[in-house]
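Chain lettering (A, B and C) follows the sequence in which the chains are written, and residue indices restart at 1 in each chain.
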Amino acid sequence: MAEQSLQLEQANVLTSSRRRRGHFQFKQLPSYLFLGAWSLFTIFALSWVVLASLKTNREVFREPFTIPAEPQFVNYQRVWENSQVGQSFVNSLIIVGLSVLFILLVSAPASYILSRARFRGRNLLTMIYIAGIGIPYPLLFIPLFAMLAGLKLINTMPGLILVYVSLSVPFTVYILTGFFSSLPQELEDSAVIDGATDFQVFRKIMLPLARPGLITAAIFNFIGLWNEFQLALIFIQDPDKRPLSLSLYALKNSMTYSGDWAGLFAGVVIVVVPTVLLFILLSERMISGITLGSVK
Amino acid sequence: MKKSVTIGLLASLIILSTLGIGFVGAQEQITLVYWSMWNETEGQARVIQAAIEKFEAENPGVTIEAVWNGRQNQTLVRTAISGGQTIDLMDQDADQIAGGLMREGFALPLNDLLQQPALDRDEPLADVFLPGTLEMFALDGVIYQLPYIYNTVQFWYDKRVFEEVGLEIPQTWDDLLAACDALNAAGYAPIAAEGNEPGYAAFYLTEILARTKGPGWLQQAAADPTGEMWRDPAVLDAAQKTRELWDRGCIPPETLGYVWPQGQNTLAFGTAAMELVGSWLPVELQNAVDPDFQWGGFSFPAIEGGAGSTTDVYALLLAFMINKDTEHPEEAFKFLQTIMTDEIQQKFTDEAFVGVTNKYIEWNPIIADAAAAAAAATTTYGDVDGVASLYSEYLNTILYPTYMSLWHGTITPEEYVEEMATLSAQYWAEHPQS
Amino acid sequence: MRVSNRFIILLLLPATALYFLFFLVPTLQALVYSLYDWSGFGAAPVFIGLRNFRELLNDRVFWTSMGNTIGILVIGGVVIFGLAFVMTMMISSGIRGKKFFRSIIFLPNIIAVIALTTLWGYMYTPRTGLFAAVFTALGLTELARFPWLGPDTIFIAMMIAIVWAEVGFYLVLLLAGMDKIPPDFYESAKLDGASDFQQFRHITVPLLSDVISIGMVLWAIHALKIFEFPFSFTGLEPNPSSYTVAVYLYILGFGQRQPIYRLGYATAVGVMLLLAVILIVLLLRRVTRREVYQY
């Protein structure tokens, strides 16, 4: 008995040093080297873009590693004046914000019913939803375009939002049903006994309990839609309505045609920085959100 | 009580809105929507902006809403028109319009409008154009496009490098190969090229066949339903010449990895000497070259015993098209008249370094060699000898991919001939020509 | 739970209506359109039966694009999950800077793909690109001229960039799963004398199976519609040798500079993609549906 607990204690010491942050161990050297090299590469590549954005066009290619002799902030000014990056940022916020909101608004109730209500055809309907995850978007390009053209929704933000919401429903429902079905039955039962209506049970009890799931779904969709490109390319043509991803593509074409590489990199920085700042602010939330969703 | 308030409100709303309509009606404000193949930052776009300002000043009550789409313009226009958008005017490479919107019947016939006098001359607008340009893409005599920029495909070269190495302008294919050797010996990459740009690579196929068999032959070969024309010895010869450029080091091997515009950049950076490309190159590279860079251009050299001549010109026109469904054809055409005025055409060549179609305008000295070629042209032919405008799908699915395999050296010249013959026959069996 | 039918319908309706109208109906329409020759959104489609599919069988560009798509899915999947596993092991082995590594490796996931393609396109440029500059600095002039984006290596070059960009997401997923495994599992395994590999094989993998299968589903969805990389990686127009099915479909249906507008044929390409998905799902099910572990 005493022996066993001693052994356990030793094991605890061993595992805690293995699994928690501890002193440097020689065994970990390869890990440090590998992860360090990977991270260094990423940081190096990204900071190199920033550096290039401050050079003159001649310096970009001829002196790839030097610090620019005179930082060319004028590159940023030129890009800002010649592109609609600011407008696109606002467009992206509107399009993605509203899409995520609507996605949750329609998916949460459906997932709740699919996971917790008993009715005929529930399994079939769930199957149909899950099947949607497997349908590749490109298949829908042409029929959806024809359909939205009929509704006069091509080249409009509501049209793009409608597409985003509809195409995101199956996956979101899939994640959220998982969540709702993991919630304990007791709370629901006691609320019903207390005389709460169906809607109250959903709105006041289950929805708050599913908050982490909703956040996860929101984050998944946000990451997916913020940089979404191909659907936007098909459904938006007007530069004033472009989301950021399309605007960056236009900028890339524009800058390469005029041989303005420094300007292009400045544009990349302008587009990427707000997103990276957002990430730094939210990274813990985002990462823990992904975590919550995937591990029930 | 409540009801009467509502009625009152409604009444005032109706009055206000009719007033509003009346107000708009009095002004007759017309907006023309123009979707452009240019990006706002490009020189050509700036000139068009100047033209819009001039037009709006001369035509109060008409405004032009320009949408700068860049080179995928025609695709976007087509998509947007299908989606119900109103677009009055668009522009693109004339070959591509001819194979696209024009062939699909989206273009307004311009013949009658072209009889109106030019804005700044006492002659019909039609007479202002360089001979042959307006008619290049006419269909049964009907003109659907108004070409406003004239590009030539030639070798564009760095004059200083040619002087330094002591080179004359190559007159024949053998001269060209000799120039390559001399340039290689002097440490230059002789020919700059893009590794993966079918449209650019195929300039070689088009030019070699135009020199050996004469303009128009490639177009016939492409349309041959049996594919047998591809077995002509000239095709094998063209394929061998293509490979010769690579194998002899005219085109350096790392070119395979150049993605546009990385190839042309090597010319700007002084590591390469020349490139077979359109006369738009100087404007695209204006930010990349040294201030004292000196551009020269020469036509694709002659090939011994060939039917074509070095004075046959590979011309790439850029054109405007008016949507046949526009509600304001007169106003839209007036804008095209503005584009064709001496003032605006001069601006195109002065500020954007391109050739223009107004015959009274002298082209920018930077592209003097393009101007000389265009002026002396015995024949002009369009992109890929007209294949681009006539058989664009065949071009994209058969001609380009197969030529790229040859360009990359993944197939031999003999295999190229075999594949073109078989694939063409197969293609035309699936897509019978009407 | 028993609730009224009216309530069920009310809550199900919005999502289901959207899903049916704008997802399932277009899917069914796509199956129909693929049997037509349809040259433009304004034009009248002509029924041609299975001719589009017959033509697809001989369409080399299509098979290249399908090969690339499957290649991205399979090779990319193996490499990404392999790397993500290795990194997960490394990061959860008690090293310092766990959060730092995790965030940096995840970072490319939130950057616009066009920005990444611009960066990578530039890095790969022979002579003047970033890699070339590094090789030149190291005196490796031959490597500095290597055509990374040439026909032989463009696919690998693209895969490297995709793996770099995507691996962080799956790393975060796996790390999350790892954190949920109770430490005593490893302790008792250690007591039983299990090696590191045995622990990995018999504890980590089975207990992560949930996360792994979600990850695989996510990767499969994502991989099959990869579009931006081949679309904007290669200059003026996408290069047919690096087309994916999504790119080819787009080009056929909407065109680039050269108009094509073969809507029926493009849709047939999409139907082939759907068939590929069905095959892959059946395969994946065989692989992953062995046992469900509970903890």
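Operating definition for what follows: a contact is a pair of C-beta atoms (placed from the backbone, for glycine too) under 8 Å apart; a residue touches a chain by one contact, two chains touch by 3 or more.
All figures in this text were calculated on a predicted structure; none of them were measured in a lab.
J.: Spell out the chains that contact subunit A while also contacting subunit B.
T.: In this structure, the chains that contact subunit B and also subunit A are C.
J.: So using the touch definition from the top, which pair is joined by more C-beta contacts, A-C or B-C?
T.: When the contacts at A-C and B-C are counted, A-C has more.
J.: Using CA atom means as chain centres, which chain is nearest the centre of all the protein shown?
T.: C
J.: At what distance in angstrom does the C-alpha mean of subunit B lie from that of subunit A?
T.: 40
J.: If you average the CA atoms of subunit A and of subunit C, how far apart do the two points sit, in angstrom?
T.: Roughly 15 Å, centre to centre.
J.: Which whole number of Å gives the spacing of the CA centres of subunit B and subunit C?
T.: 36
J.: So which stretches of subunit A touch two or more other chains?
T.: 61-62, 145, 149, 234
J.: When you check subunit B against every other chain, which residues touch at least two of them?
T.: 71, 79, 82-83, 260-261, 265, 269
J.: In subunit C, what residues contact two or more other chains?
T.: In subunit C, 41, 128, 254 touch at least two other chains.
J.: Please output the residues of subunit A touching subunit C within their complex, sorted ascending.
T.: Per the stated touch rule, the residues are 7-8, 11-12, 14-22, 24-25, 28, 30-32, 34-35, 38-39, 41-43, 45-46, 48-49, 61-62, 64-65, 105-107, 109-110, 112-114, 116-119, 125, 128-129, 132-147, 149, 162-163, 165-167, 169-171, 173, 185, 188, 198-199, 202, 223, 226-227, 229-230, 233-234, 244-245, 248-249, 252, 264-265, 268, 271-272, 275-276, 278-279, 283-284, 287-288, 290-292, 294-296.
J.: If you look only at subunit C, which of its residues touch subunit B in the complex?
T.: For subunit C paired with subunit B, touching residues are 39-42, 55, 58-61, 121, 124-128, 145-151, 153-154, 233-237, 239-241, 254-262.
J.: Give every residue of subunit B touching subunit A within the complex, in rising order.
T.: 39-43, 67-71, 76, 79-80, 82-85, 260-261, 265, 268-269, 284-288
J.: Mind listing the subunit C positions that touch subunit A in their complex?
T.: Per the touch definition, subunit C meets subunit A at residues 1-5, 7-8, 10-12, 14-16, 18-19, 21-27, 29-30, 33, 41, 86-87, 90-115, 118-119, 123, 128-130, 133, 137, 164, 169, 172-173, 175-177, 179-180, 183, 186-187, 190-191, 210-211, 214-215, 217, 221, 224-225, 227-228, 231-232, 245-246, 249-250, 253-254, 263, 266-267, 269-271, 273-274, 277-278, 281.
J.: Mind pulling up the subunit A residues that touch subunit B in the complex?
T.: Those in contact with subunit B are residues 57-58, 61-62, 78, 82-83, 145, 148-149, 152, 154-155, 234, 237-239, 250, 253-260, 263.
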